[in-house]
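Input: structures, listed below.
Below, chain A partners chain B and then partners chain C, in two separate complexes.
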Partner chain A sequence: MGQKAEVIARLFYPRAVAVIGVTASPERVGYNLLESIVSAGFKGRIYPVHPRLETLAGLPVYRSLEEVPGPVDLAVVGVNQLAALEVVEECGRKGVKGVVLVAGGFKETGPQGEALEKRLVEVARRYGMEVVGPNTLGLLNTHAGLNATFYPLGELPRGSASFITQSGGVGLAILQKARDEGLGIGKWVGVGNRSTLEPADYLEYLAQDESTSVIGLFLEGTEDAGRLARVAGKVARQKPVVVYKVGRSGRADFAALTHTGSMAGSYRMYRQIFGEQFGLLMVENTLAMVAACKALALAPRPAGNGVGVVTHTAGPSIVFLDEVAMGGGVFPAFAPETMEKIKGILGENPPVVLKNPLDAAGQGMQAATFGRLLEAVAQDPGVNLLAAIFCQHRHWRCPTPEILAVRERYGKPVVALYIAALDEVRPERDILQGRGVPVYLTPEEASWGATALIHYALRRGEGE
Partner chain B sequence: MGQKAEVIARLFYPRAVAVIGVTASPERVGYNLLESIVSAGFKGRIYPVHPRLETLAGLPVYRSLEEVPGPVDLAVVGVNQLAALEVVEECGRKGVKGVVLVAGGFKETGPQGEALEKRLVEVARRYGMEVVGPNTLGLLNTHAGLNATFYPLGELPRGSASFITQSGGVGLAILQKARDEGLGIGKWVGVGNRSTLEPADYLEYLAQDESTSVIGLFLEGTEDAGRLARVAGKVARQKPVVVYKVGRSGRADFAALTHTGSMAGSYRMYRQIFGEQFGLLMVENTLAMVAACKALALAPRPAGNGVGVVTHTAGPSIVFLDEVAMGGGVFPAFAPETMEKIKGILGENPPVVLKNPLDAAGQGMQAATFGRLLEAVAQDPGVNLLAAIFCQHRHWRCPTPEILAVRERYGKPVVALYIAALDEVRPERDILQGRGVPVYLTPEEASWGATALIHYALRRGEGE
Partner chain C sequence: MVAGEIVAAARREGRRILCEDEAKEVLRRAGVPVVPCRLAASEDEAVALAEEMGYPVVLKVRSPLIVHKTEAGGVALDLRGEAEVRRAYRGILSRAAALDPRALVSVQPMAPPGREVIVGVTGDPHFGPVIMAGLGGVLAEILEDVSFRLLPVAREEAVRMLRSLRGYRLLAGYRGVPPADIEALADLLVKVSGLMEAHPEIGELDLNPVLVYERGLVVADARLVLAG
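Right, the complex of A and B next:
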């Protein structure tokens, strides 16, 4: 592990955290930085620092960082940009190697802020520190019960999907969508102004982080794009990286520049380098980002791009097919043995055309029949990935046990599309997802999930 | 109203419904057809028909349609394709003008089914009847408490967004997503095999249906595409039509043919006719369909394509801008008076670059400040549509009352992006949506909503 990666590891797994700039007012950033850490269930030491307060959130408050009795791995700093440099200097003197600096007012605001950020970087370099931000929401790591942001979220469900986002707000949008999707998060960092740490640095760390199985990367733009693409391409040979680059319209660049001081760079260039040269999966919205990461986090990689679909409702399977075909999936005709099995289940002359996608119409609404069809298709030599499409119904139960049996017996990945309202399908979904079957509620999200699996089946080992 | 439209009106607002092919077994279609109607709160007469059963769902069962005492406007038929013709003939003799025919096994299955469907059409023509389907899930109309499908959904929330889908399953996916989005549905019909009724027929009816304010159209394909596009173009001059045509990959055509017997036709052709020639809004997935229809159903049309954004988190506003810019929106620089007002609120030198999208950073998290900024931007002469972007937080309340005040005071449409988990944001969302502000949880869905409003602001009066 390189020196940067070691410090980043410490940022995500600190033994002790100091929170500097705490206040007693719930509408202030400092208060929420502390509450975020406490409410996430952090098990290490927490040292709030404030010159006058005595206790906060049931913890003793220290007058200064110097007075904190033990070593500190991570300082979460809530003071504004004018006070930040002195605090970072204090951190350096205390031997703190990692700092989360929330304040804006740096490079993103113009020459004055740029000068301030330059001095910040000098201080950090002098002490061998790394700074997350400035101008960031922070980071979190469910595996350490750590939420070093000013968004208290309680204890989040753990998972193996980790995210690096060049925007705290987009990071939050992804985290919240992931919660709605029942996708557990591993780590997340809002990159902010990239004062000492580039997205590529976090990526190198997550590449060797054992609790991360898939990495989602949201980018506005970075001067470091060449290195980032090389690193991402290399990482993707070990674990999948999903890239969402904003800027398709070409109108987002100025906005990005004034946000995190980043040159967005042309979308086409990113597409070419990340997508074509390094074979990374690129998605076009946060919904697809979460859908893709969910599939990659939960399901095994298929051995090829052959998709077999079983359903009782053709339309969604056609939408699914259309979208997956654009992402490189194929829907092979079933082998003669498979067709024999299907006829054995549905009869010689069912009132449907037997093909792939297999629409069993009314008969397919019986979970047992659905399961037998799925099993037949799972054994087809041309099928590497299964899609099970079912509309939840009050009186026909979902084929959840049948899907799990096929998933476990044949080892091939299964993506389920359960058409239903979220509240009604959540229990079934959580059972399936707990055992390696990602579940989606719209045909397109299911297809984005399947496409991600196929992408990393086809591109395995590609890239520089 | 033409003759077809009159029959269709009767289909959606029947005074009396006969359900033919009912059974006492909850896992059968006939049972669910009856339960769907009863549980949706239908207030007209319901006549279950079965040769031997006495009562069902607390209703007296009639031995045959002939024995039903009063006139019947709609017959919902659950028998299979082999028994269907005789039943439709009976309907004709009874004077029933509208039939929902669920069974598959017609044109979509090959020559034999095609012959059967031809005979079905002959019977319908002879009696001047219209058939929804065959091979359809059916239709529903929340304004009549009518659910004439075999998917009992209880009483659905009413709304003004109506859908025509050439697939029952995709229709269900849209309905369920709409439920999750808090979007009330007006009417929905699964087109099925288009034996006597084309999508264009339903469209002509919905065009003059006063309780429908926006129409969503999902298409696999139809030989009638030319007429459909002309009708849709004409309808869109009165009320917005959102079109989702599957088949971008070119691989969906065979699947569609064996589904509803439709030639899908090239996606490019549809894009050209519907999108370019007739100026209809085309979307590329069910999520965008629901997002667009939600905005069009809830918000007024903007007077132009100028968008003003207020937020405390830049990243999501950049994603929003990028996507909206692709859909024809512009983000004008604020007028000098607006900039003065903003400086009056945030101070002369806030630690952010003042521009549109306006990221007020920390200050923008105070709902009162957010509201004042939104009010300033609402008064900008270049701004026709407002976007309010806020990440829900445990201790900073959402600017819901402020958004409503601006919405009501200035009359300009507002789209809100509340980044949050669905369960946590639902109450705030429902308040806003109840008063004309569509709320989204991801930046892209917000942008699809805003784009739809802009599209129908720009294209008003265009088309043939």
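Right, the complex of A and C next:
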């Protein structure tokens, strides 16, 4: 592990956390930093620091960091930008490994803030400390019961999807959507102003973090993009990386003398370099980010890009096919043996067209028939990934046990699309997802999940 | 003179922009085919060079102060005889006088038309040096059909880069138009990549246009800016 990665590991798994700038007022950041840490169930030591308070959240408060009795790995700092430098200096003297600095008012505000941030970095370097932020929401690690953000979120579902985000707000949107999708979170970090730690540094750490199986990266832009692309390309050899880069409409401002420079477009450059050159999966919104990470976290990689679809309703399978085909999936014609099996199930002349996607109409609404069709398609040699598309109905049950049986018997990944209100299918979804079948409620999300699996089955690029 | 010496000479003169003849010399040394570009110290010398090269020829202004030659009225194409060369020579220098009284004129053979491609390297504020390839002329400007890669690029990546252009078929052949020499173009990208690796002091490079033929290609104009 590199030196930075070792420190980052310590920040995600601190033995002791000091919270500096705590207050007794729930509307203040300092209060929420402490509540987040306490309410997430952190098992290490927690040291609130405040010059006058005696106790907070049932914990003794220390007058200064110096008075804290034991070593501190992580200091979560809620003071403003003007007080921050002195606090970081104290952290350095105490031997703290790293600081989460939530305050804004640094580089993002102009030359004065930039000068302040430069001094901050100097202090951190002097003591060999790393800074998460400034101007960040903080970081989370469900595997350590650690929520070092000022958003008390309670206990999050634990899992293996980890996120690096250049925006706290978008990061929260991903986190909350993941929660709704039943996708367990591993680690999460808002990189803020990237003062001493770049997204590439966190990525290098997560690459070798055993509890992370897929990494989502939300980017606004970084001067470290070249290294980030190389690192991400390399990391994706071990575990999938999903990249969401914002800025489709933007035009980067290049002060270039040449024609080449004047035509450069930043979003396009990110897309081409991350996506085409380094073979990373690029997504275009938060929903696609979560859908892709869910499939990659839950389902095995298909052996190829052949997709077989079973449904009782054509439209969603067409939407699904359209999206998946754009992402490199193919929908091969079924083999003659498969056709024989399907005819054996539906009859010689059923009132449907027998092709892939297989729309069995009325007969497909019966879970048992649906299951037999899915089983027939699963045995087709051209099919590497199955999509089961079913509209939830009050009187016809979902083919959940049938899907599970096929998934387990044939070993091929299955993506399920249950068109329903979440409340109606939540128990079925949780059963399926608990056994490696991602479930989606819309055809687009199902297609983004399937595309992610296919992408990392086919991956081409320099990091290959 | 090797590439490093040309660059060092420009630096000594406090210049960041290399003139076309210098940029082309750097490229030629890197094994890139270029349209020869020779300096004429006088009108008579321009005529002599044109006669030696054979008509038609092109005359261009040569000044480190004039980056956009066409806009400055500093390019005369397809000159077919002595009289045209003399007229163009005087015209170019008189238009350049206000911008750079010490401007010179270069003489080059008129390259036969081919499929126009742009190849360049730019220092991107986020990625650092990136290489760009795109279809040239009007297509590049209107459709912005260009493809970027982080340097260095190996041959396989260079080919992928060209294939990812929307207008790739204009190179690969269509409706009976034979394919352009895509292999030669991929070679060019790899050579430019190698040149950048060998000379990190190069900040930006612009080969525009590159004329790609059914067999081979040639760089018709080139600009090189040293890293700041």
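What we mean here is this: the second predicted complex is superposed on the first by the 445 of 464 C-alpha atoms of A that agree within 3 Å, B and C clash if a C-alpha of one lies under 4 Å from a C-alpha of the other, contacts with A are read in each partner's own complex, and residues count from 1 in each chain.
One rule holds in what follows: a residue touches a chain if its C-beta (ideal position, glycine included) is under 8 Å from a C-beta of that chain, and two chains touch if they have at least 3 such contacts.
The model shown is predicted, which means the values in this text are computed figures rather than measured ones.
Trainee: Examine A:167 and indicate which partner it touches, taking first as chain B and second as chain C; both and neither are also allowed.
Mentor: first
Trainee: Contact-wise, after the overlay, does A:268 reach chain B, chain C, both or neither (first, second, both, neither)?
Mentor: second
Trainee: Looking at A:23, would you say it contacts chain B, chain C, both, or neither? Reply first, second, both or neither.
Mentor: Touch status of A:23: no partner.
Trainee: For A:223, is the partner it touches chain B (first), chain C (second), both, or none of the two (neither)?
Mentor: In the superposition, A:223 touches chain C alone.
Trainee: With both complexes overlaid on chain A, does A:321 touch chain B (first), chain C (second), both or neither?
Mentor: It touches chain B, and chain C stays clear.
Trainee: Under the stated touch criterion, which partner chain does A:108 make contact with: chain B (first), chain C (second), both, or neither?
Mentor: A:108 sits against chain B, while chain C stays out of touch.
Trainee: Is A:149 touching anything from chain B or chain C once the two structures are fitted on A? First, second, both or neither.
Mentor: The answer is neither, since A:149 touches no partner chain.
Trainee: In the three-chain superposition, say which chain, chain B or chain C, touches more residues of chain A.
Mentor: Of the two chains, more chain A residues are contacted by B.
Trainee: After superposition on the shared chain, which partner residues are touched by A:32: those of chain B (first), chain C (second), both, or neither?
Mentor: first
Trainee: Residues on chain A in contact with chain B in one complex and with chain C in the other?
Mentor: 252, 254, 256, 258-260
Trainee: Write out the stretch or stretches of chain B touching chain A in their complex.
Mentor: Listed in rising order, the residues are 26-27, 29, 31-32, 35, 80-81, 103-105, 108-110, 113, 151-152, 165-173, 176-177, 179-180, 218, 220, 246-252, 254-256, 258-260, 285-287, 311, 313-319, 321-323, 325-326, 331, 351-353, 355, 357, 359, 361-362, 366, 389, 391, 393-396, 419-422, 441-445.
Trainee: Provide the residue numbers of chain C that touch chain A in the complex, in ascending order.
Mentor: The contact residues of chain C facing chain A are 17, 67, 118, 120-128, 130, 132, 134, 140-141, 144, 146-150, 157, 160-161, 164, 204-206, 208, 223, 225.
Trainee: For chain A, which residues count as touching chain C in their complex?
Mentor: 221-226, 229-230, 252, 254, 256-261, 263-266, 268-270, 272-273, 276-277, 462
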